[in-house]
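I'd like to ask some things about the structure below.
Chain lettering (A, B and C) follows the sequence in which the chains are written, and residue indices restart at 1 in each chain.
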Amino acid sequence: MRRTFPFIVLIVIAGGILWFFPLFHVVSLKQAQDEKTAATFNPAQFAENFWTDKLLPSLAKAVPAEKLLPAIQHDPANAKKQFAHTLGMSDSYTYFLSGTGRVIAVSDDEISLALTVGSTNDEVTLPTGLLFGNAVRDGTGLLDVNAYPNSQDFNNIAAELNHLVETRVLPGLKEHAKVGATVRFAGCAEVDDESTDLKPLHVVPIQAEVE
Amino acid sequence: MKNYLTKLASTLAMALMAFTAFSTHAADAPKTKIAVVISTLNNPWFVVLAETAKARATELGYDATIFDSQNDTAKEAAHFENLIAGGYKAVLFNPTDANGSVANVLKAKAAGVPVFCIDREINATNAATSQMLSDSYSGCVALGQYFVKTVGTEGQYAELLGIVGDNNTWNRSKGFHSVVDRFPGLKMVAQQSADFDRAKGLEVFEAILQKNPDLKAVFCGNDAMAMGAYQALVAAGKDKQVKVFGFDGADDVVKLIAEGKIAATGMQFPKLMAQKAAEYADEYLKGKRDFQQKIPVKVDLVTPANVGKYGDFGKK
Amino acid sequence: MNRKELFKRLQPLIALIVMVVVLSIATGSQFLAVSNLRTILLQISVNLCLSIGMTLVILTGGIDLSVGAILAFAGAFAAGLFKNGLALSLFGVQVQFTVLGAVIAGILAGAALGLHNGLVITRLRLPPFVATLAMLCIARCFAMLWTSGHPVSALGTKFDFMGAGSFISVPMAVWISVTLAVLFQLFSKRTPLGRYIYAVGGSEKAAKFAGLNVNNVKLWVYTLAGALAGVAGLIQTARLDTAEPNAGLGYELDSIAAVVIGGTSLSGGRGSIFGTVLGCLIIGVLNNGLVLLGVSPFWQLGIKGYVIIAAVAIDNMSSRKQE
């Protein structure tokens, strides 16, 4: 008993210290996982909110195609300076435009429109296949790359926005757009560099209504 | 005892002479000092980045020194402490770790030394003065689209990853997969890391080739590994069967693209970024303060169709 | 201690003083600035912890090539436990470690790997070079597996206090490493186990003859070296706010250099922790001075090599004189 007594005292003191200075906490697995998801950036949720709150309301500000396309033909460099957005250091740029056109051709992955307002020579195409790239994210200039410390978040937003277009806009377009139909559209067109053919512009539609 | 003392004294005298020799070298014209802290000098791409930055800074009238972090955040921290103590006025910085390097940049910021990140980012927007970053993800999205176009929508392919702990490795892989994974006919039969190293790329890919004789293509996280994979293919006589895709824009790969032997690569612009960073540092030291925090630099897709425009780590 | 031995002990100190004087003249106020001296002490703190353990190992006539890898694993282990906790899906709970818990876990992890070294050396009778060379790979493998190859970062100020915080304007890392140096100096000279370490290094046969349990001494020494490597790993992780699985590459060489420059003999039995502290300071002052003088980093490596040669040559000359 004499020999074990100091041992017991030691354990009690150690227990006391560990109570105030614990080595670890035990929490339920579910709680820990919930905390983790709450803290991480959710690109799908962000893209959804952005789409509804900021993107759709901004469509009114898109440049009308009947104004943009002649400007590009007349002086592409000036049109780029006036209407286009460029992300960082790059030769690529994006236009944000809206217009109305008549469907003249339908293929597996795109629909060609001849504009019905303004000059009827102008054409645009709306891609209907898989979407890649940053047109929708960068075209409106509403998102600021400086606000995202981790650029992977910024990249994920582009992927999610493309996904929203694929699931919300393209199905209706593919189903109803037949040759001869009229389509009112608003969207973003990405231009790769100065050697890219600017006719026709490939416009990723944020909104497309077939009449 | 006397003999021993003279030996000791002579050794120390030699050290003293060596130090004074070096110190007279350092006591030349007192130009403003700029530090170029690079993640590693073991990779030719980074050597180009570092030397261009140093050359441009020297052109602009500064005394530029290159510090090699050897892919080690601890060495990088030591460099930052030493350069702050050594009176360097600006840092052109290629970080080793997007999270781990933030502390170092904050240290410099606290000491009033502006930091300009080149090529790789740090996961903070309030530390560096400006960050010039290769948009690797988007570059690999474009590469992935070209991959599907040239390889088709059916077939087996392999992937060689870079250093597993490096953000760039995953940016590139994710960009590539965001396109290629949408095509279920394209099956990835192997994904191995070759540490961005040419010799390791050769070794690893030889093993993959052995195991998968019907391979149609390989995507490599950088051009050094792509060269290694290409040499493995030549040795096995399969260079016509398997298409090689790289990333970086290294000279040797661009040449092979021109000859139609390698399918494509992504041209990062190390010289452009390095020069811009040096110029920004110069502007800062002359008083400018409003810099864009993040400046993505587009990575151009280089294919046999447009290879004539590219060479020497940039546009011709 | 006669005059010759005293002089030999003080060699590293004399070399250090000479270097400090030369550098102060060559760089002016830059070297002697308080912030710069503080930086030097901070930068040698990790190497100092490693070198204390390495001194004990070398004093027994052994060597430990795995300290760098153990540093990486211990740092990553502690950081992982602190940041992500331990998910025990069998019980449906997550164990979240506090700073204290993670620190103790890290040190114990280092001690465990050190004990592994000791057991391989004493039970399997493998030479220390071979046993610790193997552990270098094994510990690195554990570090990679634990972190899946990614660095563990953004640990927060509570954890980082160990490395980046200060107490009465002396950095915590310096407090920790210097305190450990003092404790182990006393341990090696004043406690029985400490004296046994010297005895085993002097002559293993004689020690065994005198009834010492040589195997136990060795086990202790390698376990302590592992634990100290764990402390070094914690300091480094806290300083950098990140635990990298490939941290500590080549650190064993720097710590062996510090031990050797400090006057400890590689054959064992002679030397002291105090000498090792001087060795660390010499390397730290050298590194810092060469950077302040603007010497190319490639040259710095070569100069370090020659300093090691000079230190050991002078050491050999004086001991040969004694014979």
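Basically, contacts are C-beta pairs under 8 Å (C-beta built on N, C-alpha and C of every residue); 3 or more make two chains touch, one makes a residue touch a chain.
Because the structure is a prediction, the values reported are computed rather than measured.
Separation of chain B from chain C in touch steps, taking the shortest path, is 1.
Of all the chains shown, the one with its CA centroid nearest the global CA centroid is B. Interface comparison, A-C versus A-B: the pair with the greater number of contacting C-beta pairs is A-B.
Note: centroid distance chain B to chain C, computed from Cα atoms, is 32 Å.
Chain geometry summary: the mean Cα position of chain A and that of chain C are 51 Å apart. Centroids of chain A and chain B (each the mean of its C-alpha atoms) stand 28 Å apart.
Here chain C touches chain B in the complex through residues 4, 11, 14-15, 18-19, 22-23, 26-27, 30, 33, 35-36, 39, 42-43, 46, 148-151, 153-154, 164, 236, 239-242, 244-249, 287-295, 297, 303, 310, 313-314, 317-318, 321, going by the rule given at the top. Chain A makes touch with chain B in their complex at residues 87-92, 130, 132-134, 145-152, 155, 158-159, 193, 195. By the touch criterion given at the top, residues 1, 4, 7-8, 11-12, 15-16, 18-20, 22-23, 25-26, 65-68, 71-74, 77-78, 81-83, 85-87, 97, 99-100, 102-103, 164-165, 193 of chain B touch chain C in their complex. By the touch criterion given at the top, residues 21-33 of chain A touch chain C in their complex.
On the chain B side of its complex with chain A, the touching residues are 98, 121, 123-125, 132-133, 135, 137-138, 141-142, 144-145, 167, 170-171, 174-175, 178-179, 182, 269, 272, 276, 292-298, 300, 306.
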